[in-house]
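One chain, subunit A, links the two complexes that follow: it is found with subunit B in the first and with subunit C in the second.
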Partner chain A sequence: MEQARSRALDAGVSPRERARFAVRRTVNLVMAGLVGLAALIGVAVMLFILGYVLVQGWQALSPTFFSQSAQPLDFDAKGQPIAGSGGGVLMSILGSLLILGLAALISIPLGLLAGMYLSEYGHGKFAFLVRYVADVMTGIPSIVTGVFVWSLVVITTGHFSAWAGALALSIIMVPIITRTVEEILRLVPNALREASYALGVPQWRTIVKVVLPSAASGVITGIVLAVARAGGETAPLLLTVLGNEAINWNPSQPTDALPLRIYDYATQPYAVRIEQAWGASFILIMVILVFSLLTRIATKGKKVG
Partner chain B sequence: MDNTQIKEAPQDASAEGYNTPVATGGKSMEIRNLKAYYGSYLAISDVNMEIQPNKVTALIGPSGCGKSTLIRCLNRMHEVTPGAPRVEGEVLLDGQNIYAPSADPVKVRRLIGMVFQKPNPFPTMSISENVLAGIKLNSGRLNHAQAAEIVEQSLHRAALWDEVKDKLGKSGASLSGGQQQRLCIARTIAVNPEVILMDEPCSALDPIATLKIEELIEELKAQYTIIIVTHNMQQASRASDFTAFMLAQDGPGHLVEFGPTQQIFTRPTQKRTEDYITGRFG
Partner chain C sequence: MAANNLDMKIAPIEGIDRISRSRSLVGGDRTFFGLTIFASLLLIATLLALIVLLVVGSWPNIQYSGFNFTTSANWNPNITQNHPHEEFGILPYIFGTVVTSTIALIFAVPLAIGAALFIAEYAPRWLATPVSFMVELLAAIPSIIYGFWGLAVLVPIMYNVDLKTGKVSGVDAFLHDVIGKVPVLGSLFSTPGNGRSLLTAGLILAIMVLPTIMSVSREIILTVPSLQKEGMLALGATKWETIRKAVLPYAGSGIIGAAVLGLGRALGETMAVTLVIGNSSTAITPNLLSSGYTMSSSIAQKFTEAGSDPLYVGAIVEIALVLLIMTAIINGLARLLVIFSTSSALRGTRA
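Entry: the complex of A and B
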């Protein structure tokens, strides 16, 4: 039966049509191959970076690297630094967490509210302005943001601080969060808002209890991306938090951060320090990877838009 | 000026307890000189209608004549439509103008519920959460027994209980289209409205699901006033007591003829009504 039908389908097909079909099938295959190849290259580059960083830095990745703050290097009789000396980067890990935590505290509520405003209320000229400013802000080089906060906060308060760093990172994060939240909320079908209004639910409750939950996983992904982006920023931190060899929990004091420490150690003349820079790089990448993976898992199955 | 004040819903969200849906009885509505705009575009003009309590009133007319616009003016949903919407005129619910400056659109919508063309249960909520949505979203407090009672009562009234009673915790999106639409009706019933508006509630459904909704409408009118938009002439003649025929020929949408369904379908007074009903245009 199957065969009979396919033979019947074949019956009236001219050689020219058959050739065209063959071409179409080949083009299809080639395109699928190209697309797959591009995806493969993307993943391969990322694995290569991760592997390279690991190979370069694995010697630094001892338990003390995670449990100690920076120490002076020990030198042997020939004046060479001893492998494994020089302490760890605990103060940088904790410092990064402190600065990112403060930055998240500032920028998540702000970005979320601004994004909700743009998507749910933003029709007028003011919304246009907000949207435009947010877009321009995402394009500002981060060193400029650093200089700005340096002159505004560091100079006026008289010292480098985690607050200043958090502010600089917030300036980077707020526009990213704002625009992603706006885009994600716009994907929520209007029918859901209408269903809620028709039940006599006020607009703000509708946004908070219907629109936002329907877009939860997308909103969280947007926030994670912004945090990850800010987590790797070096330039604005150089001019705001300065760095610190010891653990610091006081937000008004100079604080260390992983990207800063990487920058600092990578430019030192000692192989031990450079190895530590690689090790710190590996930690930074892993922290961001694990962080985004966790949110992926946590929001799995929830509806986007 | 007694009629400028919209009275509280029988069970307001801020009030203590929610009761099971009680038959408050449908209320009458009156539409006076209603005009609706999108920006400067006049979509419907000078509509005057009296809607009888506990009856089904059907709005018919060709697509684009302003049926949706009109029905959305009846519970102040027009003003949340995109496109710079505006309304002029009065709509009275039981003698009280829902467009009075002191009338709160949110409260109006609790008294006048709405069911949409495309079933739109909340996808993040279970079946029972969907039924309770109107109460919960307004942070009305319910104990377990009350909630269960409201869910069962509302689903019973929407003729859905038997089909879903064993899967109340499942997502509303897991139901068939017809079931979803009845879930939306149950959700509307659960907030105790006096009037239920339906904008082409069956146009996304198959004939059997459609028939079920029509039977349901017949049962519901004992407790609610129902206004239904339909482009299906048989549906209007089967399911409604009164029919309003609208048209937007050369100009904004307006009411051509309004009367008992029986009369509109057997001896319309207007030539254009007759032409439309007999399928000669539209």
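Entry: the complex of A and C
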């Protein structure tokens, strides 16, 4: 049948045209191959980076890595650092949590309120402005935010602090939360709002008790993703928190943080420190990936409202 | 109050009751509305404060350095015998930023468009979803981890020296040997360095902007009306001809917008670049294998030196200001292109 088809196609076709068909078919196949290759490279690079970090990091993990704070290396008689010395990253994890916690305290209420304004009240020019400002702010490089807080807080108060880091992270998180919350609340069907109004419930109670709960999973996803993104930010923390050997529960002092620990160790000449940097990278990337995946699975296939 | 009203079951009381209740509710509405407005105003105020403070913070240096700041290549923050005056010129950093971002786009754009076409046009659904997810996962990896990975894995691939024989191998040496002698093009690879270079930084940036460009391009390609594609196919065009003549021209400005959006990300990227660019040479040469600085990496390297010298602090803040202006222009351009493209796509489906 294949033969019959190609014979029918070939009928009355000159050799020159047949050659052109061959060229077109070849180009088509080659381009399909290239397009597939591009996708393959993208996936391969992702697997390579992720796999490398996970494998290297897994080897660096030990119980003391989680239970000790960073300590100076111990050196043997030859001046080589002793494997297993140098403590762990407990304080870096706690420091990150402190900064992220403070940042979340500032940015979640503000982001929620601004998002609710945009979705529930925002129709006019002011809403357009707010939306535009939020979009502009998500495009600001995080180092610029870092410099802003550095000159605002660190230079004027004279020292680095966890508060400054939290402020910098909040400036990154608020616009993201605002826009996600807006988009998700917009998906809540108007019928729900109208039903609530019809029962005599005022608008603000409708928003808080009807609109927000029915979009809860999406709203939580948006917040978690914003926190996860801020958790990996390093440049603004470098300029505001600077890093410290130990955690300082006083937020007006410099503190340790996981990304800063990685930055510090990654550039050190000792294999022991490099290994610890891989361990810290493992923890950071796992936390971010697990949160991203969990929220993705939790919201998969669920229509909001 | 309700108890007092129990035996007065007459209509006006009920009415008054309802009115007073609704008034308190209006009050609640007003308070809540005020809160949301307050949060929105705070957002705007933050952006204004950011811009104003960056200008105010860099003012000492704007007065001191003037336009030399962006046109001079001399960076001498400390007064020495050879340099009786402080000098702040960031031309090499701007150069580094532009070069690394350009390299990033050269590698990322074809890959991203290819991957986007694969997901939107070629792959069956069961394959398209995981491929798209995995490429987008690149966006979730923090910048510091890209930098560390680049330092530990990519730099040795670019430059590797055998400790016993002293023989240098790697991509840098290969490029120098193969293309180094070609006129014009060879100047890009004229002198190999130690693997930490503009090229390495550009490659890391390419990986980092790939998911951004890919996902925006994919969305744009998906807006191409299928009638248009089916028309081409019905006329006997091959799949590729359909893409080249019906899909790409239609999605063109949107894909350019996606690339410019990626450029905006690449310009401001800090930690990954800082770790692999070397941060040592301020020479402006076409040699991509030399180390350098970008604007963001110079901030990360130098801010601790600034201390309490208001001029130096001003210079650091002004780098951030220039970076902000550059990214604002680039992002604005990207948004216009994407908006233009999607709105023309919408018009297309209606027509």
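The rule we apply is simple: the second predicted complex is superposed on the first by the 236 of 305 C-alpha atoms of A that agree within 3 Å, B and C clash if a C-alpha of one lies under 4 Å from a C-alpha of the other, contacts with A are read in each partner's own complex, and residues count from 1 in each chain.
Throughout what follows, a residue touches a chain if its C-beta (ideal position, glycine included) is under 8 Å from a C-beta of that chain, and two chains touch if they have at least 3 such contacts.
Worth saying up front: this structure is predicted, and the values here are computed from it rather than measured.
> Give one of first, second, both or neither to describe whether A:286 is in contact with subunit B, with subunit C, with both, or with none.
It touches nothing on subunit B or subunit C.
> What's your read, subunit B or subunit C touching more residues of subunit A?
C
> For A:19, using the defined touch cut-off, is the partner it touches subunit B, subunit C, both, or neither? Pick first, second, both or neither.
Touch partners of A:19: none, neither subunit B nor subunit C.
> Could you tell me if A:210 is touching subunit B, subunit C, both of them or neither one (first, second, both, neither)?
In the superposed model, A:210 contacts subunit B only, not subunit C.
> Would you sort A:143 into first (subunit B), second (subunit C), both or neither based on which partner it touches?
Touch partner of A:143: subunit C, not subunit B.
> Going by the contact rule set out at the top, does A:155 touch subunit B (first), subunit C (second), both, or neither?
The second partner, subunit C, only.
> For A:105, decide between first (touching subunit B), second (touching subunit C), both and neither.
neither
> Return the residues of subunit A at which the contacts from subunit B and from subunit C coincide.
202-203, 205
> Where on subunit C does subunit A make contact in their complex?
22, 25-26, 28-29, 31-33, 35-40, 42-44, 46-47, 49-50, 53-54, 57, 110-115, 117-119, 121-123, 131, 134-135, 137-138, 140-149, 151-153, 207, 210, 214, 238-241, 243, 264, 267-271, 275, 296, 299-300, 303-304, 313, 316-317, 319-320, 323-324, 327-328, 331, 335
> Applying the document's contact rule, which stretches of subunit B touch subunit A when the two form their complex?
9, 13, 75, 77, 80, 82, 106-111, 113-114, 116, 118, 120-124, 133-134, 137-139, 184, 187-188, 191
> Of all residues in subunit A, which touch subunit B in the complex?
Those in contact with subunit B are residues 189-203, 205-206, 209-210, 213-214, 302-303.
> Of all residues in subunit A, which touch subunit C in the complex?
24-25, 27-28, 31-32, 34-39, 41-43, 45-47, 49-50, 52-53, 56, 109-114, 116-118, 120-121, 126-127, 129-130, 133-137, 139-148, 150-152, 155, 171, 174-175, 178, 202-205, 207-208, 228, 231-235, 238-239, 242, 259, 262-263, 266-267, 274, 277-278, 281, 284-285, 288-289, 292
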